[in-house]
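Here it is, the structure in full.
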Amino acid sequence: MSVLQVDNVVSGYGSMEVLHDLSLAVGQGEIVAMLGPNGAGKTTLLRTIFGVVPPWSGTITYKGEDISGVPPERLVRMGLAYIPQEYNIFASLTVQENLEMGAFIRDDDIHPRIEEIFELFPDIAERRKSRAGELSGGMRQMLAIGRALMLNPELLLMDEISTGLAPFLVDAIFERVKELNDQGVTILLVEQNAPKALQTSDRVYIIEGGEKKAEGNPEAIAADEEIARLYLGRS
Amino acid sequence: MQIGGLLSYLVSFSIMAAIYGIFSMGLNVQWGYTGLLNFGIAAFFAVGAYTSALVVAPLPTGPSADYVQQAIGLNMPFLVGVAAAAIVSGILALLVGLLTLRLRGSYLAIATIGIAETIRLFFNNEPWLANGSQGLVGLPQPLYGLVPPRYYNYVYLAIVLVFLLLIYFALERGIRSPWGRVLRGIREDEVMVAANGKDVFNFELQSLVVGAMIMGIGGALYAHFRASIQPGLFRPTYGTFIIWTMLTLGGTGNNKGAILGGFVVWAFWSWSSTVLATVAPAGLETRAPFFRYILIGVLLVGVLLVRPKGLIGEERQVSRF
Amino acid sequence: MVQLALWGVVLGSIIALGSVGLTLIWGITDLFNAAHGDQMTVGAYVTLLVVALIPDVGFLQAAVGPFSFPWAVLIGIIPAIIVSAFLAIAIDRVVYKPLRRMGATSITGFIASIGVAWGLRGLIYVLWGADFHFYASGIRPMVSFLGLRLRTDEVFIVVVAWLATAGTYIFLQNTKMGKALRALSDNADLARVAGINTDRMIVWAWAIAGFLIALAGTLYGIQTQLRAEMGWIFLLPLFAAIILGGQGSITGAAVGGLVLGLAQQMSTAWLRPTYKPAVAFMIMVLALIFRPQGIFGEKESR
């Protein structure tokens, strides 16, 4: 049974329809990557799943429960977490405060969990009292991931967490993604870096113009010359 | 006599409402069509009023010269005063725009309020210019000898309505022109307009200046109607916020709405005190006029909540090339 | 000169306290609340109402220690704060929340707040008239040291204003709710995504703003006198202070308020006192033009 199921979702902003009847599924323990050109609607899909943008029609189910239009503050209680593409940290708060906000809904002692996150990302541990806005690009992304992990999510939505980072940092980030997945976290990620995504994921969707253009395992997608030429910017 | 009294009241009411309609149309150019948050209407209002007063009135002579100070007094015809009011307000708008138009949203609003209050305080504190806080009285009125004094307001109403209609038709033409299209484009999507190679800042400046010139004319008409002006008349409440209420209520982006808003809000504002004073319980008559603050406040909030586009919303504009 | 600076600190303290709530709301809801000044007036008048109701028995209407105002004022502040906080929440529920729901811009909110300001001022006018009112009619004792003079009341005002401002700062820095309010102010979308109930936080923000503004209004009433326009006239310096300070910055607003108070009072050494407000506006306009993000601007530009 799939953990996340998106069926015939239509969504957009104002009167502009961005997603046209889009469906996809993410199975338990999978890493699923979404690829596609700029403006394809990848971010809009994640925002629709996470209740930031209301779906116009269609259904979204999480572990069999209908979560279409359920607000984020309820979704985080159900075990979902989301790392937005931009502005994914609280720049004026300290590193540690960012993590605390990640566990806002918890009323018990969250300090053990914060220490666990710092163990996972030792670089940001040293900067725990710094304002997050002062961090470098790579550390910001680690912090964004750390914040999303505070509640031990079962399903993690990540939007282009490696964009703009130096190659060694991209490798480090994907290393963490793999580790998380090994620990049982199901992951749906959006990527610009197609090779990296194909290398990391179990399954891939190609999205363009708000529609699903292809799906399959990374090997098949990578081998398909036409897909590569049309959607992955390779000639 | 009753009827005559009511009629003359209606005439002076209409003069004020029409003048406010002119201000409201000036704001409509800036906010309604271009999306500029000018909250310093009072500045252009005051500058228009004072400019025309100083251009049209002669320098004080005789005994009044002892207690009325006035930097200039050109004793020119009324129309020259109105033209000067438009020009000086326009120049002020140019300066204000160059300084502040790069600011966005609420910042522009607050900066313009600050500038308008500073200008008012300047008139208030510099007696050499226009008699300081005492202001100017006995301003000349155009065509005054034409009819017996008690019918003069009919003449003035005609003058104001001529200006109102001239401005209305000029704006209706302007807004349907390619120029008006660019302005509305800026309001909808500045980036898009800039991408089409238009100099957004320049167009915004033009819009601010045109709107301010209209406000300057309104100020001049106001000054010669009252025949006396003091800095206290140009506080933010009467000089700016009430005009925003008028345009919002009438219909932002619609010149007919702007005029309608002027009449409706002014009716509420000026009639509520009269009506309430007669029904207020004994001892509270003196407080009745204050009810209009509550009334206008509720009206403004109510419109925003229930009819955000105003009484008559924006018309679809078809450009004619 | 030093004397002027001292008066500047007194004025600056009240501006600082008044602007803290304003910048909090600005940061969290993006609303420039033009009714903030009139909410301050309401706070001051609720205190007045209670003072008038308290009978002259025992110490109740006797002056507090070396100050001019009676104990009744200190008692009256409490209901004033409560009324003001609930009023702020009620206004948000009735006016601003529906506007947010409709997807209205912050400009629409600003225009609506002008309507709210009118409504509140009208209410004060109708209930109390346009006359001046005082909490106490007695003499106002002075203290002097090193050749400087200050009313005892003013010492009280400065101390209370900074205690409240510092208290708010500490609350926002160190409590879970304070941090969530700052997070919401910093990045509302991410705050939602992180599971913060933004709707409830906005209610708390209004409550805090209402609390602070009632206190500021009462202190201002102690320093000068009460009249229906007091808060409205005070509004522009408050706006100036929060613009100097940068959106949502408590420290910025506090420092901005102090700077403006000092600048206004010290300008009287060269300029007519009636130019005082103009000094505040000019500083604000210059600050806007040269440093639009404020002295302490923290928001990442987007």
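Structural remarks
By letter and in written order, the chains are A, B and C; residue numbering begins at 1 in each of them.
Here, a residue touches a chain if its C-beta (ideal position, glycine included) is under 8 Å from a C-beta of that chain, and two chains touch if they have at least 3 such contacts.
Please read all numbers here as calculations on a predicted model, not as lab measurements.
The greatest number of inter-chain C-beta pairs in contact is found between B-C. Every chain gets a centre from its CA atoms, and the centre nearest the mean of all protein CA atoms is that of C. Between subunit A and subunit C the centroid-to-centroid distance comes to 42 Å (mean Cα coordinates, whole Å).
Centroids of subunit B and subunit C (each the mean of its C-alpha atoms) stand 31 Å apart. Separation between the centroids of subunit A and subunit B, computed from CA atoms only, is 53 Å. Of all the residues in subunit C, the ones that touch subunit A in their complex are 176, 179-180, 182-183, 185-187, 189-197, 298-300, 302.
Residue ranges of subunit C in contact with subunit B, taken from their complex: 32, 95, 98-99, 102, 104, 106-108, 110-112, 114-123, 125-126, 129-130, 228, 236, 239-240, 243, 272, 274-275, 277-278, 280-282, 284-285, 288-289, 292.
Those residues of subunit B whose C-beta lies close enough to touch subunit C in the complex are 37, 99-100, 102-103, 105-107, 109-111, 113-115, 117-118, 121-122, 124-125, 241, 244-245, 248, 284, 286-287, 290-301, 304-305, 308. Listed in rising order, the residues of subunit A touching subunit C in the complex are 50, 52, 71-73, 75-77, 82, 84, 86-93, 97, 100-102, 104-105, 133, 147, 151.
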